[in-house]
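The data blocks that follow each hold one structure.
The two complexes that follow have subunit A in common; it is paired with subunit B in the first and with subunit C in the second.
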Partner chain A sequence: MTGPTDNLVAEALDWVRAHRVDRETMDTPVTAETDLLTVGVLDSLGFVQLMTFLAERTGRTVDLVDLDFDDLATVRSLCRLYTSKEGADVG
Partner chain B sequence: MSADPIVETYSRRADEYAGAENQQSCWGLATRELWPSLDPRPSDRTIVDVGCGDGSALREVHRRAPGARLVGVEPAAGLRDIAAGRIGDIAGAGVTDARFEDLRLPAGSVDYLYSLMAFHWVSDPAAGAAEIGRVLAPDGRADLFFIGRFSGREFIKATTPIFLRHFGPARVFGAARLRCQLTREEAAKIFTDALPARRVTVREWFDTRYDTVAGHMAWWVRIEGQLLEFGGPARDDCEAEVRAAIGALETPAGVPYTLHLLHVRAEPRDAAR
Partner chain C sequence: MTSLLESVLTSVRRFPGRSAIHDGRPVTYSQLLTLVRRAAAALPPATSAPALGAVLVNRDAPGYAAVLATLWSGRGYVPLNPRYPVRRNAAMLATSGAGTLVVDGSLGIDLIELTAGLPEQITVVVYGGAGEPAGAVRARHRVVRVDPESGEPARHDPVDPAGDVAYLLFTSGTTGAPSGVPVRQQSVLAYLAAVAGRHDLNPDDRTSQTFDLTFDLSVHDMFATWQAGACLYPLSARALMQPVAFIRRHQLTAWFSVPSAAARSSALGVLGAGTLPSLRWSIFCGEPLTAAVAAAWQSAAATAILDNLYGPTEATIAVTGFQPGPDVSAWLGDGNGVLPIGHAFPGQQATVHVAGAPAARGATGELWLAGSQVAAGYWNDPVRTASRFVTGPDARWFRTGDLVRADGSGLLHYHGRTDDQIKINGFRVELLEVDHVLRTACDRPDALAVPWPSASAVEHLVAVVARGGDRAPRQIIDACARSLPGYMVPRRVLVVDEIPRNPNGKLDRKAAAALLQEGGQT
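Right, the complex of A and B next:
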């Protein structure tokens, strides 16, 4: 049975695959565990847009000031921010 | 005109922008190589350069359309001063404190409007496009050349993790929002919607330039660093890491930086192709 994070991860992966900016590695598959920064799948604007998408899907917001570098590492780590009981505010 | 961090940075660094080092950078060379693509005509009465910087393109346009009244639009005071000095001997030419969203020109008064490597700094691209439509004469033309969504991938991929570690997501992502980063499709929609009575074409291309680490750092990191509004030892540490990361990109031809360029052309629908 999939949980709320898994559902959001699937939607987020679809978004990332449609909006990735790494023309030079476009054939590299993106998974929930792909290191987004090291591979360069998203740039700063891409992260902002992804977080806007996640906020719209969940009705919750995450303050950038509260983010750690590790929170941005993968699609799964980002989605956890929006489905965990702590941290995110209901928008 | 109210200050914003981009304008303030360009104003403060105006002398470096106009200097030989920047003019020989990939930015300076790429901009100058666009001059032959400009379309000033001897029959033009008013020609406007939006984001005219140090005014060097205006002198080239004057050579090709010597009878036209030239208007340079530049919100950065330091660059305005340099541009005014550069075109001060041209009758009727002037540089105004205005911007894409508020050009401060009469409606329908411009025969030819162009912009070189500036529109990506616009705050509201739809408002900027609409304002261009407002000031163009019924048979007026416009050419805008600017940086697109996928520019500088080599540097961004190598340095974003460094900036994030040193400054955190809030600062880095906040800086990313200061720049307008359009895909070709987004640019086409914005300008087609804003200029429905004109023929609008948008083309894109990628142009890889090579330079030394020092050559790239002379301009790129200064802008990026200023956007982060951070100083002191922490910034020095970050800059050292950035310099090393850019150096690691080096090839026999130099350090590559690929520009993603967009060209928006607006003209009357019945203009000859």
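Right, the complex of A and C next:
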């Protein structure tokens, strides 16, 4: 994945850093591969807001109805969902 | 039906080959019985009341079997939580006085720390997993390893309950320690009879299991399902982030969760019209259900009947309910956008009190509850019991601390709390308990736990701490996390010059919340 996705990943990481619940201490490192649901840097509302942010940035609507978050809770996987053709066509 | 266990064994006899649990693979009622008997073989029969046994297990077939095996041994069960810090589980175990503990060996729990504070020897059943418990545990307690796959099943019949407690649950307390609520067999059986009449579950139903075993709504999940001969589907915390996919994959027919799960689904845009055609029942409890969230859920689950339940642990799972019918938008709420909590279940009493006396119809006051579902009091805590339970001329009442209003038709509407108790994703939290732990963690008295972003819709807690202490924010949070469940741990620390005080000289939580808002939060 090149160009647009890398930009989106960088923007999403910035978003996470600005909205993480432990932003005073920031002592849990967050990268594009960090499982956001495991480390707890986002609460459930934050996670939903991140999805909204990605939808707004990409201008795409992704149907999440049958999506399992089991393998989909990193910044990179979420960004891929909002940029890949397959992701946009889910559902 | 004479006991909680019997409600399950009846289904084992009637539907041995049907699925009782689907935790990734189907487990029949007959297989569940075998799992129960294997764990029960290691538990000595209870001989005298109060007889309790703790369980520290996952929400899977062996874990549920551990609950039932404890009942089989004649004991009420005391659920501990694998997601809680060991210190909190140890405090719950010690306070309960449980004589047995069934622990899932695969959890890797530190059994030395868990059992260190116990004054007497107990039986520890390590159910599944590999490895041997440390010698320090075996030196003090009777330790038995049981393999759920091949252990020898108990030959004896279920032991008659030695006491009348079906389970002992701990809720957040106001003095810095968890507070136990013993719930009697007759109270749970009254509840199960009420929901059997309310929801027509049958052996073809597939029901959700979203609640931790330390939350009493899990008692509904397990026993309402099994008394009907239906099949229980546990959801992981991760699956609960977006439950619609799980419901669709497993074609669940009955859903029960806190409204937060539905609100998340709505925010993720996955509640499109007709998305959940398999559901027959959509049941919510644990926090206020807004008309907006209810309408969104109902558009997805259009053929399901929505039931909004209400009840504190002290009144056994739920004690009032409201079914708005297909047109949720007709219910604008009592001016606050929240669905009514309805009427008391048959045989239970719910009345509104102002200043200790029954209120006039239409007035907002504290909800008092009485009836067979109401507990006798708190576990070994006469002071707290006296503060919340009132014996009147005609009944023993539990003062809920919930503010409600009965409208012209007698429907009860929820209007918040009289005190500092809040709900975080449905979990009941006494802010006074968090304050207590937080002040110990800060080693100073001027610190407060503040709900964020608001007390009525809490996402997490923030610690507001006055400047001048020598503890770093990370140290404060870590210290809290050693004593409190994750949802009670402040996620951030805001250091301020001074926390305002109210006219009584107490730290002012509302003013601290205002400081937090000014702190540039989004």
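Rule of thumb we're sticking to: the second predicted complex is superposed on the first by the 78 of 91 C-alpha atoms of A that agree within 3 Å, B and C clash if a C-alpha of one lies under 4 Å from a C-alpha of the other, contacts with A are read in each partner's own complex, and residues count from 1 in each chain.
Keep this in mind: a contact is a pair of C-beta atoms (placed from the backbone, for glycine too) under 8 Å apart; a residue touches a chain by one contact, two chains touch by 3 or more.
Computed from a predicted model, the values in this text were never measured in an experiment.
By the touch criterion stated above, A:47 is placed in contact with subunit B and with subunit C alike. Residue by residue along subunit A, subunit B and subunit C are tallied for touches, and C comes out ahead. With both structures placed on the common chain, the touch criterion links A:11 to neither subunit B nor subunit C.
Shared-chain residue A:64: touches subunit B and subunit C both. Legend: residue contacts after superposition of the two complexes on their common chain; A:22 is shown touching both subunit B and subunit C.
Common to the subunit B and subunit C interfaces on subunit A are residues 21-24, 37, 40, 43-45, 47-48, 63-65, 67, 69.
Residues of subunit C that touch subunit A in their complex: 237-239, 241-242, 244-246, 248-249, 260, 264, 267-270, 272, 275, 425, 459-460, 473-474, 477, 486, 491-494, 522. If you check the complex, the residues on subunit B that touch subunit A are 149-150, 153, 156-157, 160-161, 164-165, 168-170, 172-177, 179, 181. Those residues of subunit A that touch subunit C in the complex are listed here as 18-19, 21-25, 27, 37, 40, 43-48, 51-52, 61, 63-70, 73. Chain contact summary for the complex, subunit A toward subunit B: residues 21-24, 37-38, 40, 43-45, 47-48, 63-65, 67, 69, 71-72.
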